[in-house]
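Worksheet: the structure to be examined is printed underneath.
Labels run A, B, C and D following the written order; every chain starts at residue 1.
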Amino acid sequence: MGESRLDVQRGNQKIDWAMAHMSLLRLLREEFRNSMPFRGHRIAMSIHLEAKTACLALLLHGGGADLQVTGSNPLSTQDDVATALAARGVTVHARHGATEREYTDDLKHVLEAQPDLILDDGGDLTHLLHTEMPLEIVGGCEETTTGVHRLRILAQQGKLRFPMFAVNDAKMKYLFDNRYGTGQSVWDGILRSTNLLVAGKAVLVAGYGWCGRGVAMRAAGLGARVIVCEIDPVRAVEAAMDGFTVGPMEEMIARADFLVTTTGCRDVVTRSAILNAKDGILMANAGHFDVEIDKQALSNLALEKENVRDGITRFTFSGGRTIYLLGEGRLVNLVLGDGHPVEIMDISFALQALTLKHIVESAPLAAIVHSVPAEIDHRVAEMKLATMGIGIDALTAAQEAYLGL
Amino acid sequence: MGESRLDVQRGNQKIDWAMAHMSLLRLLREEFRNSMPFRGHRIAMSIHLEAKTACLALLLHGGGADLQVTGSNPLSTQDDVATALAARGVTVHARHGATEREYTDDLKHVLEAQPDLILDDGGDLTHLLHTEMPLEIVGGCEETTTGVHRLRILAQQGKLRFPMFAVNDAKMKYLFDNRYGTGQSVWDGILRSTNLLVAGKAVLVAGYGWCGRGVAMRAAGLGARVIVCEIDPVRAVEAAMDGFTVGPMEEMIARADFLVTTTGCRDVVTRSAILNAKDGILMANAGHFDVEIDKQALSNLALEKENVRDGITRFTFSGGRTIYLLGEGRLVNLVLGDGHPVEIMDISFALQALTLKHIVESAPLAAIVHSVPAEIDHRVAEMKLATMGIGIDALTAAQEAYLGL
Amino acid sequence: MGESRLDVQRGNQKIDWAMAHMSLLRLLREEFRNSMPFRGHRIAMSIHLEAKTACLALLLHGGGADLQVTGSNPLSTQDDVATALAARGVTVHARHGATEREYTDDLKHVLEAQPDLILDDGGDLTHLLHTEMPLEIVGGCEETTTGVHRLRILAQQGKLRFPMFAVNDAKMKYLFDNRYGTGQSVWDGILRSTNLLVAGKAVLVAGYGWCGRGVAMRAAGLGARVIVCEIDPVRAVEAAMDGFTVGPMEEMIARADFLVTTTGCRDVVTRSAILNAKDGILMANAGHFDVEIDKQALSNLALEKENVRDGITRFTFSGGRTIYLLGEGRLVNLVLGDGHPVEIMDISFALQALTLKHIVESAPLAAIVHSVPAEIDHRVAEMKLATMGIGIDALTAAQEAYLGL
Amino acid sequence: MGESRLDVQRGNQKIDWAMAHMSLLRLLREEFRNSMPFRGHRIAMSIHLEAKTACLALLLHGGGADLQVTGSNPLSTQDDVATALAARGVTVHARHGATEREYTDDLKHVLEAQPDLILDDGGDLTHLLHTEMPLEIVGGCEETTTGVHRLRILAQQGKLRFPMFAVNDAKMKYLFDNRYGTGQSVWDGILRSTNLLVAGKAVLVAGYGWCGRGVAMRAAGLGARVIVCEIDPVRAVEAAMDGFTVGPMEEMIARADFLVTTTGCRDVVTRSAILNAKDGILMANAGHFDVEIDKQALSNLALEKENVRDGITRFTFSGGRTIYLLGEGRLVNLVLGDGHPVEIMDISFALQALTLKHIVESAPLAAIVHSVPAEIDHRVAEMKLATMGIGIDALTAAQEAYLGL
């Protein structure tokens, strides 16, 4: 109980720090306190349960919602934050280091409460709602590239049961979270866990989507030579024009001191790539699932496997060659760091909150994958500019006439 | 006649230099020589007539087309190249420094030859074909943002008479031409015409689209502090996150040593902005038309107007304050430089040539604004990678299965 | 005792990780094991006692030295490393969080062992040797800008009692440690302790020496707008030409979201600067002593002072304006991080070890401030290139003749 | 005569443009008009005779000097500027495209006028004064790295006959001219003469001194992958830490699309490097003399040599492999461009003018190589800051006391 009180205190301190730097959520908190847009609604949330997502939960809670929260990854749940959140009246089902079984049970618990809105991160809630627990859902939001990809497959197969909004595809999400957010937080995670120098190193980034660009951009900003592996030829030319070395994985991995996967796909670093890897390479993953680096192959090929530092496993191969794997190949910025910077999540969560409000106001909506309305994107951008103290010009009548709009 | 022979020689030298660095067009030249895809077709081209576009003309000509060429801007036509092109069997109607009247007559001349395909740059040919000269056209390509914008308005009004392909909107066009091409060539034009230092200067970039990003990125690369003015709030936040100062024109222009407009819109630098501009500011335009900087206001407000250097006009205001206008506010990279780098146009022109071939092979097509097929984008990207000596991985079956494609 | 055994294990793990990435020290370890250059010598070391410095201690110990180690800052001493070091046969007098008195006593203890060589970091050992404990010293090394500055003052006053080498002034030290080391580790410390975004923020760097350059370069690399305050006019022009905003502290601090001091001087952020600071600013110090930000003034001016997160103090002023101070204004990269990257210290410590060896071999030397011999600088650079797998050309006879060398 | 009048007009226009952007020289012009520091002195100048150096000449002339001007390279002399300068009362002996013999005669002519002060650029005047024409000289300035190197050899041999100031070694010279000046102007020269893309290309920079850093920095800023060849190991490590690829010339040249030499040494690109060079490589030199690329070897090895564009020679080797040499291997920024940016030369020439004034005021001085006094460096920096509108803080008494100054 003393433990728990300490937890609440520590959790609150983390939440307060985040809230102090989430200026958009603070603006919306004022607005929702008056309008109570979620009154009468029950929201199930699956999130990386830490201080920033707790702020989103508190915003929705303060806007009238009955809230049911679970984690979206057992390793990213912070128990002190969960405890503090529960102490503020939110129902929480999540525990750090939960087993696979416990994790799934928690997902089910939040659905057993019969929510009518969902807020998903990766698609686990949605999956349950399409298999074991087919509830009636008014609508929901999906945060990640991976989750949206899973939604589109469901929709293409004609199986999507309720309207879902691809928050990930909003400009204010993927242009910022995936690029500036992942870009910074991946390096934060690597720096703090390794204490190694980036300047002068060869950094291989697998994938040149928005996440990959962010990771590459910041690697260059830290003084690395950047190598990009990308299967899309247009993006590969772009990476080359951006001044990076481009080539196939099996060749490039032999030159790399660090490797970061950002593709959202499996088997990016395969057995044969592992065999070619440079001695002493550090491998990390920034994609949603821990399937980008073939961990099974690493274990099978290695003579020895040892935990040499918090979150770092060393695999030793014949001849003494070594590979270091960070965070067991899970999201390095979450497992070895605190996830995305606060201000980035502030933007993404403002999108989430306004999209949920839009769902409530526009229901019923078709059971398809919806785009976040452009007005919400613009409103969030304008709020962000305002909190940064930046004014911009408006389109004039003369310009509008010229453009023939 | 001696003059003309010298012109042919100089023109050929320029064309040969370009062709030596257009590796994609050289590959297509081999292919088209055998397949002769344009045999029996007459193509009207309106282009900035210089060495690189001449290479495109020669490619189409070598692929069997009867070619009718005119300029797309009287100041960008290079007479020696025009003469050399004519000497190689292409019909050319264009002259440097043509009057407005002569320019329009030349556009009409190429249409009087009854082409069935067009290749437009800015939309002047298309305009004539929708007003005075309503010919039957199988299809055509449009190269610029501005031209595509005009096409979309025609299409929205239900007036588009024949299929047009928005080459500008192909990824291999706007991601490269508008960003790396404009980015480099604008600064090439400014450096060579001014001999001024960029490092330590404040550079205001108006517009943060692909062109504006390119100009901003290279300004930073030359050591400038970059200021961005942008009316779209999402792009404005992006510019801020990219480390640039963002704000409204009238305030920002008071701090800028250089100003470059890249918006494609009119009235970007208005009378009141001019009144606020920093003493000694250099203004240049990189948009298609010379309407972004209000030249009329500059002339009206100035006490004195003097040509102080090739392509540079100094406007002197009361109190001795000065503004320098580059290239009369026309496209600074074309008027004061040689336009986009050769390799960039090589990519854009490979798209043009393959799109024209696609039109011929797919006719008849609907009278709408078409996108360049993704296969053409990919093929051009793959050709470019091959000529750069870059190999990339292919999607594996396991990955494809995982992605559920 | 269980605690202690666990400490040894954790300390060893940290030391092993560092040693695995200190390729120069590993090369020297082989060499010293054979030559035993320090046999018969007793070395007193004052260092930030953590894994990397422990590797230097072990190198000297393995080279025959009797080693006496103490910390150079009570907050940077890591107890597990100290315990592990002691377990390997090194005499250690240091404890994390020691009081001022205990800290001084520890300094005295290592001197009471009658060393003939010293290795100083900041000048505290040297100070004692010139005041209370005037031992006979063969020579020593000083690592920091601050310590070298103190040595030069002693020398100018004719008071320096024994030969000291300004290791800080070796090229392989200040060009690397102060720039790439401080640049990365300061941001590592700030990122991990705040979880805040750097992109789009205004970062004020006070001082544009080698440390300041590193901090500014990495801030820009993380997407910040950089502002530099510098009192030397030549450096101020350089900062401006590097694309940074330059100006006086009291004006610039009103625009800054982050502030990092790197001057090595006191009273950089004064009372009046504090009064002008932007609401919510985060202040950190990267200089050797905690005198750059006027902490007294912060406390006096604030209405409230609260610890809001590990290592972060919030000062609240009238009207609700806040300032966050990181790590109590002490070296942010050491107090809130793990100090410089391993590879950077590997270079600096190779210089230290070879300089100590040089002192032993060349004694007696004059009691002045010596430069590290250029041959040592070159040898360390060549070792570093070799371990990076980089070959370079040698000066040819023809070139040498041309240069008239 | 009409020709000549036109020349004067064109020359004046160039000079006026430069003077309008040389704010330091304009400040000194006011000062010298009153104090007339050079009254009674005759100054011999050997300079790259174009608009900016003409402004320096006019400043000294306006400060009372009798001025004798010649070129420092026959290809950099601009006849219209020379004519305009003569029309303003300066004695000029220089002609564009002068033969070796004529060039030497011109150098002698300015010395025959019996100057007592010299302003040298590369050391040709100084050489004559130590061989054929041993005049009495009160003192002089040398502008370039190469010239200072030659001076130091003379001094080491005990042969230097009069005091010379190494203006090149002043901070406001080498930190700015060699880095930001060379960096920008080399790329200006290459871009305008080739119209080729830099983004995505591999650029080899030979030498990582201040010039090489500038060229490398700007190449990266234009989107290139940068490769550095450097014989000094410390600088080689620096280049690697700056994120560049580092290696030996013969290996690296096989990967390079562009090559720029900046070493000030001969035989940097040797016969065997030429044999290894990548097909289609463009080679340029930014060092003072045209000896860095072995032009003799190029000619000997090539099957064909053709001028393919203004200032570009193509060498064709067996198998069709080609190498393009820019500007005959002479200073590419001067031969194919307009030399350093105006504002950079403004700084360098302010140093020159104030140093000449210092010589006059301090004569007689020892016949050694003098450093520019730190006060002059500081004064020039302060003048520059003032003209940029930048204020900086002063060292306070408390800080001074702390530093023990």
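Everything below uses one rule, namely that a residue touches a chain if its C-beta (ideal position, glycine included) is under 8 Å from a C-beta of that chain, and two chains touch if they have at least 3 such contacts.
This structure is a prediction, so every number in the text was calculated from the model and none was measured.
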item	value
Selected interface, A-D versus A-C, where C-beta contact pairs are more numerous	A-C
Centroid-based (C-alpha) most distant chain relative to subunit B	C
Geometric centre distance via CA averages, subunit C-subunit A, whole Å	36
Whole-Å gap separating subunit A and subunit B, where each centre is the average of the chain's CA atoms	39
Centre distance in Å when subunit A and subunit D are each reduced to the mean of their C-alpha atoms	53
Shared-contact residues (touching 2 or more other chains) in subunit B	180, 199-200, 220, 223, 237, 240-241, 388
Interfacial residue positions of subunit D with respect to subunit C in the complex	149-150, 153, 171-172, 175-176, 180, 229-231, 233-234, 236-238, 240-241, 246-249, 251, 265-268, 291, 377-378, 381-382, 384-385, 388, 390-396, 398-399, 402-404
Residues of subunit D touching subunit B in the complex	13-14, 16-18, 20-21, 180-181, 183-184, 187-188, 191-192, 195-200, 218, 220-223, 280, 308-309, 312, 337-339, 341-344, 388
Of all residues in subunit C, those that touch subunit B in their complex	199-200, 220, 223-225, 237, 240-245
